[in-house]
Amino acid sequence: MAEYPDRSQYPAHLPDGSCDIDLSSGKYLKLWQGPNHPGITGNMSVELTVCGDEVVEGRTHVGYLHRGFEKLMERRTFIQCFPIVCRICVPEPDFNEYCYAAAVEELAGVEVPEKANWIRTLILEMGRVNSYLMYLGGQAGAFGQGVIGQWTTYARDLMLDRFEELTGARIYHMFILPGGVRDDLPEGFDQRMEETLREIESTLADVHDTMFRNAVFKKRAMGLGRVDPAWVDEYGVTGPVARAAGVAKDVRSDQPYLVYRELDLEPVIAHESDAYARADVRRRDLLMSVDLIRQVLARMPRKGPVMATLPNVLHWKIPRGETYVRGECSRGEYGYYLVTDGSGYPRRVNVRGPSYTHAMALLEKLIVNVNISDVAGLLVSLHTYPPEIER
Amino acid sequence: MMQSLYDRLKDRFNLGEFTGRRADLAFVTVSREQLRPLLLHLRDLEGFTHLVLLTAVDWIEDDTFQLTYLLNDRARARDIGVRLMLPRDDTQMDSIHDLWPTAATYQRELREMFGIDFPDSPRVNEDFILEGWVDIPPYRREFDTLRFARETYPERPGRETHDPATYMKQQLYPDGEDNG
Amino acid sequence: MKDELDKRLDNQPDGPERRGSLKDIPVREELLPRWVKGPEGQEYVVEPLQDYFCQAGPTVQTPAYTRIIEDLFNWARAESLWILGFGTGCGAIEMRPLMTPRFDAYRYGIQWRPTPRQANLFVISGYLSVKTLKRAIRSYEQMQNPKYVVGLGSCTINGGMYWDSYNTIKRLDDYLPVDLYITGCMPRPEALLQGFDDLKKLIRAGKAEGANHYAEHFDWYKANQKRVIKDWDMPDYSW
Amino acid sequence: MSVRDVLSPFAAWKHLFRDPVSIKDPFNREASERYRGFHQNDIEKCIGCGTCEAICQNGAIDMLPVSGVDGVQTRPGDSGLRPRIDYGRCCWCALCVDVCMTGSLSMSNAYKWVEADPDKFRYIPGVDKKHWDDYEHGYRRPEGHRLNAPERIEMPELEPGERIDSFAEIVGGYSVEQARLEADRCVTCGICVATCPTHMPIPEYISAVRDGDYEAGLKLLYDSNPFSQICGKICTRRCETTCAASHEGDPIAIRWLKRHITEQVPFERYRAIIGEPAAATGHSVAIVGAGPAGMTTAFDLARLGHKVHVYEAQSHAGGMTRYGIPEYRLPFDTIQREIDLIVSMGVEMHYNTRIGADISMAQLQQDHDAVVLSIGLWLGRSTRVPGSDHRNVYKAVDLLRRIRDGEQLQAPKSMVVIGGGNVAMDIARSMARLQQQQHGQIAITLTALEDKSHFLADPVEIKESIEEQVTILDSRGPQECMVDDQDNLLGLRTWRVHSIFDENGRFAPSYDDGDEMVHEGEWVVEAIGQMSDVAILGDELTEKLDWNRGRIQVDEDGRTSESWLWSAGDMVRGPDVVHAVADGHRTARSIHAHLSALDKQENA
């Protein structure tokens, strides 16, 4: 048996702080995780350089889902952009619709009816529930627990049924458009929603027992991918990742939009800042969303219009201006930077998705010294979604 | 709130146009030399610790790129967008990855999609989103995505359409007159 | 579909380069030949393009000698659609409900596999960016015969809502042999099940001949693929 | 970590005996009621305006001709095109449904479509039959959800109380802001263009209003209609009846937007915008009658460089617009500016020149290369009921002319008007003003054969007449103008109308003599139609010309059987300004072709 060098000595650090990785030395191996890999959320890849079974360097590669939304929007009228924005994020498309609509409304000076704001809040919270449910299944799956995903996908599907009856679509709802929302709640919606919420709560109780109180999960997730609170600002960390690091960063309470000012909510935080804490923050946040949905349905006005009167959308021109509108999605701060130039088309739209910072700079920092088998778990624990990065 | 901030800043920095957007959001233009000091000042003394985004707008008719650095001050719930006008023929800009490490990603994207260079920014010349791209940077205004798509990716043939008014003219009064 | 494709093959203009000013794209560093030192100190040359890939092209799979046996094969193939777990686009999100109890595709003999070697059905779940197209081609070519491709969503048919995007292909059948299309944006799980059911019928009838078509018209497909993948830095056939 | 963490996951076992949650038959699961599935189109309701195509951000919709399918045909108000949708493009956003102008387009909740041939995913909803055509559920545009404002911007007008005692113009005209809002409602489909007799580029000039580019708008107007100022006020606006917006809301106020353009451009600029006429050709054309048809012909021919002489029996040009339409609808100065503009193109006017009396047709034929006869309809028709020859039974056209000529009519205390057209409204409302001025009260009864929904008059006219205290009685057939033994007119006796036409569609009114009414009136005014005074032509010419039921027979370009004589306007087409304008263009084109042919002959 040959003598293998002690891998803890590798890689050596160069004076500028980068690693000295000499592939031809035979000590390192390049390993591509993705783009087709079950442990990858969405379609991206991580180029791992490993030494033994430990990662010494990771590089995120994105662009597999790049469709050039920001360019396409520059040649679509303001109303024509509305169906396309939701495609930027599949698990939680409504934030695109809301942020885009809010930015357009602000620059065009459109006043949204009160009731539309409540319905928008309802939809965003429903979307958050969906996104978290999908995350929980993925997070458990990444650590080898198949059953959680079976449960949460079922629970999410019930919520999709509510989406379908409210918005007329399962995934891309295209319901929040500039000026308001398309339609009112259907007959008997509250009751069916309550049944769905109960089902989700019961699923979550099971998830709590089998996942969060599971020795395997705890063993693998605790201590994995610890985010230093100081990195929150340096790396533009937002959402549950920041909240799990003890920073109570939540746009819903920091800069309340829509009707959040009128709802009771308290940012969910944790301090351990590892994969487990992040999962737990999301679980508790999910429960809060369930509560918020109940609050919205209990308090929202039942009468009144849901759509403002728009100018003829076929030749709708918006005066020159620029703005930024943000919201708190399940992964963190989602925002639209919209620039108009007085024409009928946006001059520039820039979508700021939370994964942009999480999956790139932050992941590349966290991934060093992680075991190969935990890479998927770490990646999922940042809850990234690649189309937000490349759009 | 934003106006008072501007009043404080304008004594220290040579600021350009100030645009108050909302009570909690304003944009201000700054020169290239003053960008770094201004960002530092905002970050360290005014509490704008969170770099929300860094992106560019192509004002091709003015021959400039506008770089927008959007900063957020969570404690006071306010945002400021710092605008910087960059001539289109001199698309080099100083990197700020040492202020916010995450800026390197944004700069890489700007390099690829707008062709704005940030020397010294880590891995700025690596492919980011595109792969094997051979045309001009696609987010530049002069890049025509529809034309490129038509030339590069064949569409399914067999589509034709008619303009209602023209079609009605053909059918009802082809000589420009009708006799009804 | 076959006839239609054949017709288009005849009308193909010569020369893969339609845009004049292509820069020369260097081969990626990791694909260049290099010296590698083994753990025991011995040194040897690795030429990735030569060493890691097979040089032969795909071959047409001929049917079994007798009709009965071929029918039996087709029945077996139809009843075990193993899908490659490669979500190429947004449509992949509707796979999850299919994999889980609510829609439960497993009861119809459909399941998902993590690697191309174990899969015989490639679902192109929506638009393909050029970057993904490259991976999709490689994944497809690594799949074992008989294999099938289903185009999911309108963007595989004629570009869908990305019809004017500079980074997505518009018609999938130019690059991969598609056996079946399911329209929708995105198609619901029920529509996918319907599609899989229709595919089964096609397979049973012996009409899902996409892979053979790919083998027969390999050059045409390659020319199309190379026309959009400007930095072709892989072997022509990734088997 | 504790023992609990090892045992707790076993809680999952409690699901062992739970009923499965799988959907038993996923192949036949119906989508929700609002689901946005495959398209449906009510092709009889659809007008092929192409707004769905315009809004589709995927370029998924083509407009294709389907004429002949299920009675769809290209006709005014329907392009005969229907949308074909490419499901290789569609993203099911339903913007097309939201914007659909007629509400014909909707979506069923069908969602399954699998096909081996990718070219099959294109279809024309409603024409290419699909199994979901009759689906009951699916996405319909929610009530009140509109992407363009359905209501017209109200035109500022004088209130009835303010306008009743004067002939001041009622309509105030849009402000720039109002006009822009109204122009904004237009979807630029262009369906209206085919309906407009003179095919004005309506979407283009409405776009000019939207963009505030009034000079470009004015150029578009005058290239197709030299009576744009006048039409901007009193056009019968048939375009608005076929406006796509009229199907689910008010039609665009096309007439008022035209008016707005003419008001926004200073009159001094008109001439420069319209441009100089072409170089003189040496040809000369005579036009008899300075009405819209004659003056349009004159304008066109003068711009082409021909010398035009217009002979007019009255002291002013304008024809019926000058002498038949009351001032509160069309002020004199508007007409005068329009005429001045046409004259400035080099048209020579000969006023107070009556054919037959002052100059003969033979003389005109001799002096000019071509002659246009556009003498309009100036003789009022009579009901010929007993007593209608009484001196206090008037023709509406005669009265209107006298009022517009400045005569101080002594209005009767009460009067009856017979007729339900615009002329009847005009005389009723004019006399109402005189009554108000002279007696301080109004007593006018208007009777018509038609029921209210079939009145020929513009609904706005009817509404405003009622506001001005005219009593309107519909379905009344005049039987007698009642005269007492001192030969004073007492009023009109009418019967209720059963039906107006017989089963062959011929005019043959039948009455219910049990329902008789007597309408008191010192005067009775007949406003039931006009005819042309063709006696001026002289016997010789009358003999030579071909006639068709009392009208001069013309070919489709307005040329009579005499090669030098054209006829245009109301006398050929019936009473309508914008038709007369269209006719003028047509005649001018025909004459120009004739003159060009003459030139060619000479050169050859």
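Side notes on the structure shown:
First chain written, first letter: the chains are A, B, C and D, and each begins at residue 1.
Note that in this section a contact is a pair of C-beta atoms (placed from the backbone, for glycine too) under 8 Å apart; a residue touches a chain by one contact, two chains touch by 3 or more.
For clarity, every value in this text was computed on a predicted model and none was experimentally measured.
Located most centrally within the structure is B, per distance between chain CA means and the overall CA mean. Averaging C-alpha coordinates per chain places the centre of subunit A 56 Å away from that of subunit D. Put simply, the C-alpha centre of subunit C and that of subunit D have 60 angstrom between them. Between subunit A and subunit C the centroid-to-centroid distance comes to 30 Å (mean Cα coordinates, whole Å). Rounded to whole angstrom units, the spacing between the C-alpha centres of subunit B and subunit D is 49.
Within subunit B, residues 130-131, 138, 143, 145-146, 156 each touch two or more of the remaining chains. Residue positions 21, 31, 57, 86, 88, 91-92, 118-119 of subunit D each touch two or more of the other chains. Listed for subunit A are residues 63, 66, 68, 71-72, 75, 83-84, 154, 172, each touching two or more other chains.
If you sketch which chains touch which, every chain touches every other chain without exception.
Every residue of subunit B that touches subunit C in the complex is listed here, in rising order: 130-135, 138, 143, 145-146, 148-149, 151-156. Contacts from subunit B toward subunit A in the complex involve residues 19, 21-22, 24-25, 27, 49-53, 55-58, 68, 70, 74, 77, 79, 81, 100-102, 104-105, 127-131, 138-139, 141, 143, 145-146. Taken together, the subunit A residues at the contact with subunit B in this complex read 62-63, 66, 68, 70-72, 74-75, 106, 233-236, 238, 249, 254-255, 321-324, 326, 333, 335, 337, 339, 347-348, 350, 352, 356-357, 360-362, 390.
The touching residues of subunit B, when paired with subunit D in their complex, are 156, 158-169, 171-173, 176-180. Across the complex, subunit B is touched by residues 18-19, 21-23, 25, 130-131, 134, 157-159, 163-171, 174, 227-231 of subunit C.
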